[in-house]
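What follows is one structure encoded as structure tokens, with my remarks underneath.
In this document, chain identifiers A, B, C, D, E and F correspond to the written order of the chains, with residue numbering beginning at 1 in each.
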Amino acid sequence: MKKLIRGLGEFKNSYFSDHQDLFIELTQGQKPRVLFITCSDSRIVPNLITQAEVGELFIIRNAGNIIPPFGTANGGEGATVEYAIHSLGIEQIVVCGHSHCGAIKGLLKLNELHEEMPLMYNWLKHTEATRRLIKENYGHLQGEELLEIAIAENVLTQIENLKTYPVVHSRLYQGKLKIYGWIYKLTTGEVMAYDPNSHNYVQPQSQVSGDLPDLIPAPAACEISLAQVTPDASENGSK
Amino acid sequence: MKKLIRGLGEFKNSYFSDHQDLFIELTQGQKPRVLFITCSDSRIVPNLITQAEVGELFIIRNAGNIIPPFGTANGGEGATVEYAIHSLGIEQIVVCGHSHCGAIKGLLKLNELHEEMPLMYNWLKHTEATRRLIKENYGHLQGEELLEIAIAENVLTQIENLKTYPVVHSRLYQGKLKIYGWIYKLTTGEVMAYDPNSHNYVQPQSQVSGDLPDLIPAPAACEISLAQVTPDASENGSK
Amino acid sequence: MKKLIRGLGEFKNSYFSDHQDLFIELTQGQKPRVLFITCSDSRIVPNLITQAEVGELFIIRNAGNIIPPFGTANGGEGATVEYAIHSLGIEQIVVCGHSHCGAIKGLLKLNELHEEMPLMYNWLKHTEATRRLIKENYGHLQGEELLEIAIAENVLTQIENLKTYPVVHSRLYQGKLKIYGWIYKLTTGEVMAYDPNSHNYVQPQSQVSGDLPDLIPAPAACEISLAQVTPDASENGSK
Amino acid sequence: MKKLIRGLGEFKNSYFSDHQDLFIELTQGQKPRVLFITCSDSRIVPNLITQAEVGELFIIRNAGNIIPPFGTANGGEGATVEYAIHSLGIEQIVVCGHSHCGAIKGLLKLNELHEEMPLMYNWLKHTEATRRLIKENYGHLQGEELLEIAIAENVLTQIENLKTYPVVHSRLYQGKLKIYGWIYKLTTGEVMAYDPNSHNYVQPQSQVSGDLPDLIPAPAACEISLAQVTPDASENGSK
Amino acid sequence: MKKLIRGLGEFKNSYFSDHQDLFIELTQGQKPRVLFITCSDSRIVPNLITQAEVGELFIIRNAGNIIPPFGTANGGEGATVEYAIHSLGIEQIVVCGHSHCGAIKGLLKLNELHEEMPLMYNWLKHTEATRRLIKENYGHLQGEELLEIAIAENVLTQIENLKTYPVVHSRLYQGKLKIYGWIYKLTTGEVMAYDPNSHNYVQPQSQVSGDLPDLIPAPAACEISLAQVTPDASENGSK
Amino acid sequence: MKKLIRGLGEFKNSYFSDHQDLFIELTQGQKPRVLFITCSDSRIVPNLITQAEVGELFIIRNAGNIIPPFGTANGGEGATVEYAIHSLGIEQIVVCGHSHCGAIKGLLKLNELHEEMPLMYNWLKHTEATRRLIKENYGHLQGEELLEIAIAENVLTQIENLKTYPVVHSRLYQGKLKIYGWIYKLTTGEVMAYDPNSHNYVQPQSQVSGDLPDLIPAPAACEISLAQVTPDASENGSK
């Protein structure tokens, strides 16, 4: 703790002093461009791995980077997503899992948590969709390999869950929101990005050259309304 | 009630007698091929409008044909979906809304329900994603037109919600489950089907000639795992 | 699915065309006289077994025809009951169980569901009153016999649960609502009706000749108020 | 507080000393014969008004003597009822409301509580069935008169709610449990008891002479099972 | 029950008649000075052991004298605490556990309750903090000794929980509320009081002579605001 | 987004390469010493302001740095606290609020959030204790001043809430856990620390010289058990 407190002083005297203009500007209000959802793991430092400046990343962190479906949990996840989109106007969300994730290790031996970590047990139920998918489709794998798949799938489960939030649903419909799935690899320091076209995790750098693919390739809802369809429909129907 | 009780006798003596083979076979177990989710509205008779025989449709009915996201509600919807897929092995789900829907009318004037129908008020919160989408994108519409859009969007919201259920998530991944969105129109007796390619409701008959488009055009999750990606990834990464 | 889609066309061209007057009338609004609560089982077709016309039955269907007590579940059951009574003015409710019910089979081996069908496991907790009654009073039975008792008791549990809903409570008090308990038997095509006088399931036809017994023989609440009682009470008390 | 602490000493030195045999016996275990559910109101002293000895009454007290329906609330009410019946084998429950009840006064002006007493507001929702009954049937009353009716109806609502508990449901079926509804009147010191035959609150003393009427006049469930009915049924059905 | 009913008459004719002035005064409104939270156990009679008069103790009773943390349970505990403090202006709370407590015995063998007393099982989760503390720190104890520690710790857990209620939090801050922890010992008829200075249960009588120690020795929140601190802070900071 | 992706590459090629030893060591497992709970606000970068290295801070972030009381919310906060303490053995928790906090601004005008940000509205209910304290004690303040007090009090509310978690409760009892309250000031870049002795926020640097005061000055529970007290107690009692 003393080390941290010394750090506070160092920060104030060096970094803060050196960037005073930025910090003064930020007191007028934050304008982050990305909602970054990641694990509480101490080995992930979002601003460091993305080299983002102070003020650029609005961040949710919990064990396992989980976002329960809308209405499920009265925790901070949904509220913070809502705040990010509605109040701050954020248009990009990154769900960033990571290799060696302790929460996902827990998910793979869920029943062992019940006695000693009952809250983790309940929390991981929100990503039961990951657990079931893994159990029903990857029963032949184990160890590292199984863990990596589970980590990758867990990110995609959260993206599905995010899509059930009213504020997300409406902005996706408007084409004003994009959601990305990332995995940060502790061993190499690199990030893999989910590519919805190939259904694969690929190097995000390879996507920079051309246009970035949207994770949600098209509005999730009908562009032409039922009302407009009706005439044609009854026309066809009368044949 | 007397009319219904007379009906019971008529059914037993006529229809049941005439189809005794079918009914005897069905006592061995049901093998429905479709989970049909629709409104409680008395004007919808699923077996009649699809001309399905006894034993063909496993049916969930509630006000507004709503399926709350996984984990949200401890009502019968999720449990019945789970039973349909896990226990009965059903591979097709139809979410069937309908024109003139009283529940969706309620959704469009939600605050009026709070005092007199508090349970409906809470129930409709599960399709808040529909309400927000409508409010933020169709503020210029009203009356019939607004209602029709809301009904159409409500079906799509439920499809998003369905995808958060573990058992649905896993089967979609395996390509063993398809989800369809329908609207039954009371005025014409016809059904419109959501077409994910055109983001439009179209005549389902037009889709019969060729192959039926899946609502979920591809597995919702990565086919090639992160584990398999790793070699290539590090290869690229080493450049 | 193609069969169903063909069915849609057949319905529109034949049944709908033949009953166009009824369907046009129904677009003005539904006026169902009965709220019919039954299982999702594909072998139950409510309008068929009661020979009811389109527009006569407002229907709730879920696995096990369960209505959780008021306030318990934020699923669609309570909201739909509320809508039926408050908004549509329905004055009769039928809770219709059925023989061979898979949900009740599940209830009798509840612990086996925990791993594979966790949502069913939780859902069936709402009819724990049935399970406990069966376990504490029918431990000597098994197989078919046990199942039939459980199915019959499950219907009565739901009737108790219904009585906790504010809208039901108030209408019962006014004598404006009646609740019936039925069991549909797949083997014979007949329906047995609960008779509160004999505490028995009997043939509903036998009840048609005379007056139908109410399931709730008298208002559940005091007709003469405490306020009115007071004078007599203090009179007696002063002796 | 000092007065209470002095009271502790007085109790120990006088009452406890004088009844040491009873207290020593009670350390072997309690065997209360009645579960007494009443309001937290300081003007109700259950052991005093019933002249019951130490060890005779197992007591639940909360604002408004409310027992939410089974599964609704994860508060202590249901658990304590379960403990009383299952663990202590109690066979009689008294729900005892009282005149001048502040909680029921709150119920009659519920919306005023929302801001200042949000927990009371939510708690009283568990007796919404009382509020709706009163509102829909006693709109013409006000003041004292309205309050008295609401207090009387509130007791009956809790009795309905109690019947949804598995342990209550099963014991009622066995005829091993009776539930009584009382109102204690602060002005006269007397208690009125609900009489299910006359649907009225009457003097409990008037019931002592003969046999006490059960509040639940007959098992709530079928005595003769569906299984036993079947033969007759099919007999009748074959005609 | 007949004994109780006879008791009602005796009370009315003797005690009530003898104290009519007090009772008439109390119909004007209650002014209890203490919120007394204790177990449902029939061997505890709060007014008797404290020799408190009618009208002095506002009482919450449930199995285990448990007050779940704010927001946890929608049972009557929190609502009744809120009513006591906000509506009645009570400024003293006693949480009174007792030796031989059946609920705490249950807590020490929690898993055995799951099947037969599921509601107790869930209810005791609210005092899981007690169970974990006992398990992690008193593994070497058993029997009576273990039970006594658990009973004593359970009282302190509830005091922690009480402090999370908004109305408690605010009054503690104002110095207008005090919370005491007591244990009533069935074998000796005496009460031990928690002494926060010695972290010990002591004789409350020993505290009467001098000033009663507050359980909460100082406001739980900052007396001097951050706003006021700022000048000094920046002063120090500029050194 | 492209900027972030470029940042990923830069990080990998520079920082990660330069600190490869640390990162390789960290793949063996994290050993963070502090659980750092702060707001999602983009202007807070925990590792930057404390100058902590990768691997030192286990981090929870949500809107308002709120930790609901134990059992209240099934969000990630409690689970992550449990994981931090039980699984990682963390012995120090910092709750770090910050000036200009948008979530706390929302708390001060809570009712305005209901329509547009219903999830934030519900989320902020978990810190209702802060709101009530402010409303009842700082009604005379407004603007910046009011906001600063609310931010400071909100941190203390969360510390109270943390103490209700079983794992926290037990470790505090053992003296193996310390909880600190901090406020980060955007305008000056400095952190103020709550000092429980002076009930004030002070410069943490001023505390480094001597021993750091514990926020929890003594075990929250009795050191000497009731069991041990008994002999003395009965001794005293026998006088």
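By definition in this document, a residue touches a chain if its C-beta (ideal position, glycine included) is under 8 Å from a C-beta of that chain, and two chains touch if they have at least 3 such contacts.
Since we're looking at a predicted model, the values are computed, not measured.
Colleague: Find the chain most remote from chain C, comparing centres computed as mean CA coordinates.
Modeller: F
Colleague: What rotation angle takes the CA atoms of chain E onto those of chain F? Round to the nearest 5 degrees.
Modeller: It is a rotation of 180 degrees, to the nearest 5.
Colleague: So which one's got more C-beta contacts, A-B or B-C?
Modeller: B-C
Colleague: Rounded to a whole Å, what is the gap between the Cα centroids of chain A and chain D?
Modeller: Comparing mean C-alpha positions, chain D is 50 Å from chain A.
Colleague: What is the distance, in whole Å, between the centres of chain D and chain E, each centre taken as the mean of its C-alpha atoms?
Modeller: Going by mean C-alpha positions, chain D sits 23 Å from chain E.
Colleague: State, to the nearest whole Å, the distance from the C-alpha centre of chain A to the C-alpha centre of chain E.
Modeller: Centres of chain A and chain E (C-alpha means) sit 44 Å apart.
Colleague: Multi-chain contacts only, two chains or more: what residues does chain F have there?
Modeller: Counting only residues that touch two or more other chains, chain F contributes 12, 68, 72-73, 118, 126, 128, 165, 188, 190, 205, 237.
Colleague: Which of the residues in chain B come into contact with chain C in the complex?
Modeller: Result: residues 1-12, 15-17, 23-24, 26-27, 30, 32, 34, 40-43, 45, 47-52, 54-64, 66, 68, 72-84, 86-87, 92, 94, 100, 102-103, 106, 116-120, 122-124, 126, 165, 178, 180, 186-191, 193, 204-205, 207-208, 212 of chain B touch chain C.
Colleague: Applying the document's contact rule, which stretches of chain E touch chain F when the two form their complex?
Modeller: Listed in rising order, the residues of chain E that touch chain F are 68-73, 125-126, 128-129, 131-133, 136-137, 144-145, 148-149, 151-153, 156-157, 160-161, 163-167, 169-170, 173-174, 183, 185, 188, 190, 192, 194, 198-203, 205-206, 218-227, 229-230, 233-234, 236-237.
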